[in-house]
Amino acid sequence: MTDPNNNAIAADVLERIIADPFAQHLGIEVVEISLGRAVIRMKVQPWMANAMGTPHGGAIFALADSALAFASNSYGSKAVALDVNITYCRPAPIGSTVTATAEQANLTRRTGLYLISVTSEDGKLIASARGTVFRTESTVR
Amino acid sequence: MTDPNNNAIAADVLERIIADPFAQHLGIEVVEISLGRAVIRMKVQPWMANAMGTPHGGAIFALADSALAFASNSYGSKAVALDVNITYCRPAPIGSTVTATAEQANLTRRTGLYLISVTSEDGKLIASARGTVFRTESTVR
Amino acid sequence: MTDPNNNAIAADVLERIIADPFAQHLGIEVVEISLGRAVIRMKVQPWMANAMGTPHGGAIFALADSALAFASNSYGSKAVALDVNITYCRPAPIGSTVTATAEQANLTRRTGLYLISVTSEDGKLIASARGTVFRTESTVR
Amino acid sequence: MTDPNNNAIAADVLERIIADPFAQHLGIEVVEISLGRAVIRMKVQPWMANAMGTPHGGAIFALADSALAFASNSYGSKAVALDVNITYCRPAPIGSTVTATAEQANLTRRTGLYLISVTSEDGKLIASARGTVFRTESTVR
């Protein structure tokens, strides 16, 4: 954080962002968070399956949505999701680890747009998502 | 099922649909399932919160997505979600129960469209969603 | 406007909303506009077809998006679309008239949510859409 | 087209894809089409404006949707859009040329997923879209 031009986020902001009970419940781990970007991963547990024995769309979405939350709150001002859409491409194996990457595509004073991809261990696309957030005037927490 | 005109779904189909580990993990309860329609509910537990202390978007989505799965699989042929989008309107209180209703808006041989709303105990709109499913040729499970 | 409880919108606001060059170019006609709601229609011209000889998705979307614009700007404060999603159900015949209805599902100080349906002359669902708008502080025009 | 490993599409397929009346009406020009990818552009005409004097969301969407159609039909089997969502980032100037790029992100036997971006002359993001198509068994036209 000595270089003001890097993408590092303030330590206290990072601490508050990742204090996310549902993300922790799902075993989501942070791989990397920087300004406007987050890479996180989750092991798909057997209890995250749907009736077909594949990962529940809600579990995969929760990972994508967490990546969106982590990336969009990285600036320290509270951002809340307005719209999120997801397209499911293929199921990941139960027991495998999936990775979500959220990248900022646009930022205005009041809104932010993030492109999110969820990939399997072998790099295949599990799901593609996009989220728009509303940036409030309050700080994170 | 003695009345061919009613919306009742076969008992064995219903049994398979609701045998959904993630939905059960989240404590999702079925209020009503009929052909092309599902009403389900979930108590928002403290561990379903995000870093802001409101329900995690992923938890609300998981409820909406489960309603979509239950409604779209009610015919007994396996339907998998292709695209789901959600708009968040307001947070529900932690500890309260939210209800998701999925209603079929269109059905073709290969696809189905469902409108989903998530409402609070006092009937306010928490989130509005829409999902498109691909109907496979295999039966549920 | 003598009854403050009705849904009538101010005449000058209405005039500005419908002065929409692209909507006029497409021959879009207003059936009804009230606060937070718009019903409009368009005859699908042969030049609105795609390479398959059915109405171009962009033409159907333009009708849905116009309904969103008319409904969301009815309050007199400028609203701009942030996110719009559409699901196509079936093609309308070329030469037929399609109708779009936008209904407000939620309104906050800064955002509005609208559910939109596009129907054929015989009442079948052509497309289902949803749009989120950002409400600016400036007035329409 | 002498190299079977390149991304070139058959001449007759290309000819049918671009014979799109609405795209032609809007003055859409093909910059590049290859298998699963299309880059097209459109000059935003004054008659494509909305009531606010900025490009109508329907005109920008029509460009994005045309890129989706061109990219997804490049294989020669007819693909129809199921779901398309768009996020608007900033208005392009009236009179300027906007470019849409559709890139295939996933392809299955029955569906295809395309990420689409619309950019301004100076490379800024005007809109970000994503579309899912259903691939029919018939050939284009």
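Lettered A, B, C and D in written order, each chain numbered from 1.
Definition applied: contacts are C-beta pairs under 8 Å (C-beta built on N, C-alpha and C of every residue); 3 or more make two chains touch, one makes a residue touch a chain.
The structure displayed is predicted, hence computed values, not measured ones.
S.K.: Which listed pair, B-C, A-C or C-D, shares over half of the residue-numbered contact pairs seen at A-B?
M.R.: It is C-D that reproduces the contact pattern of A-B.
S.K.: Between A-D and B-D, which chain pair is linked by more C-beta pairs in contact?
M.R.: The greater number of contacts lies at A-D.
S.K.: Could you tell me the distance, in whole angstrom, between the mean C-alpha positions of chain C and chain D?
M.R.: Roughly 22 Å, centre to centre.
S.K.: What whole-Å value do you get for the distance between chain B and chain D if each is reduced to the mean of its CA atoms?
M.R.: Taking the average C-alpha coordinate of chain B and of chain D, the gap between them is 33 Å.
S.K.: Centroid from C-alpha atoms only, then distance chain A to chain D, rounded to Å. What do you get?
M.R.: 28
S.K.: What are the residues of chain A that contact at least two other chains?
M.R.: 82-83, 85, 87, 132
S.K.: How about chain C: which of its residues touch chain D in the complex?
M.R.: For chain C paired with chain D, touching residues are 16-23, 25-26, 46-52, 56-59, 61-63, 65-66, 68-69, 73, 78, 80-88, 140-141.
S.K.: Which bits of chain A are touching chain C when the two form their complex?
M.R.: It is residues 82-83, 85, 110-111, 132, 134 of chain A that touch chain C.
S.K.: Looking at the complex, which residues from chain C come into contact with chain B?
M.R.: By the definition above, chain C touches chain B via 83, 85, 87, 89-90, 105-106, 108, 113, 115, 125, 128, 130, 132.
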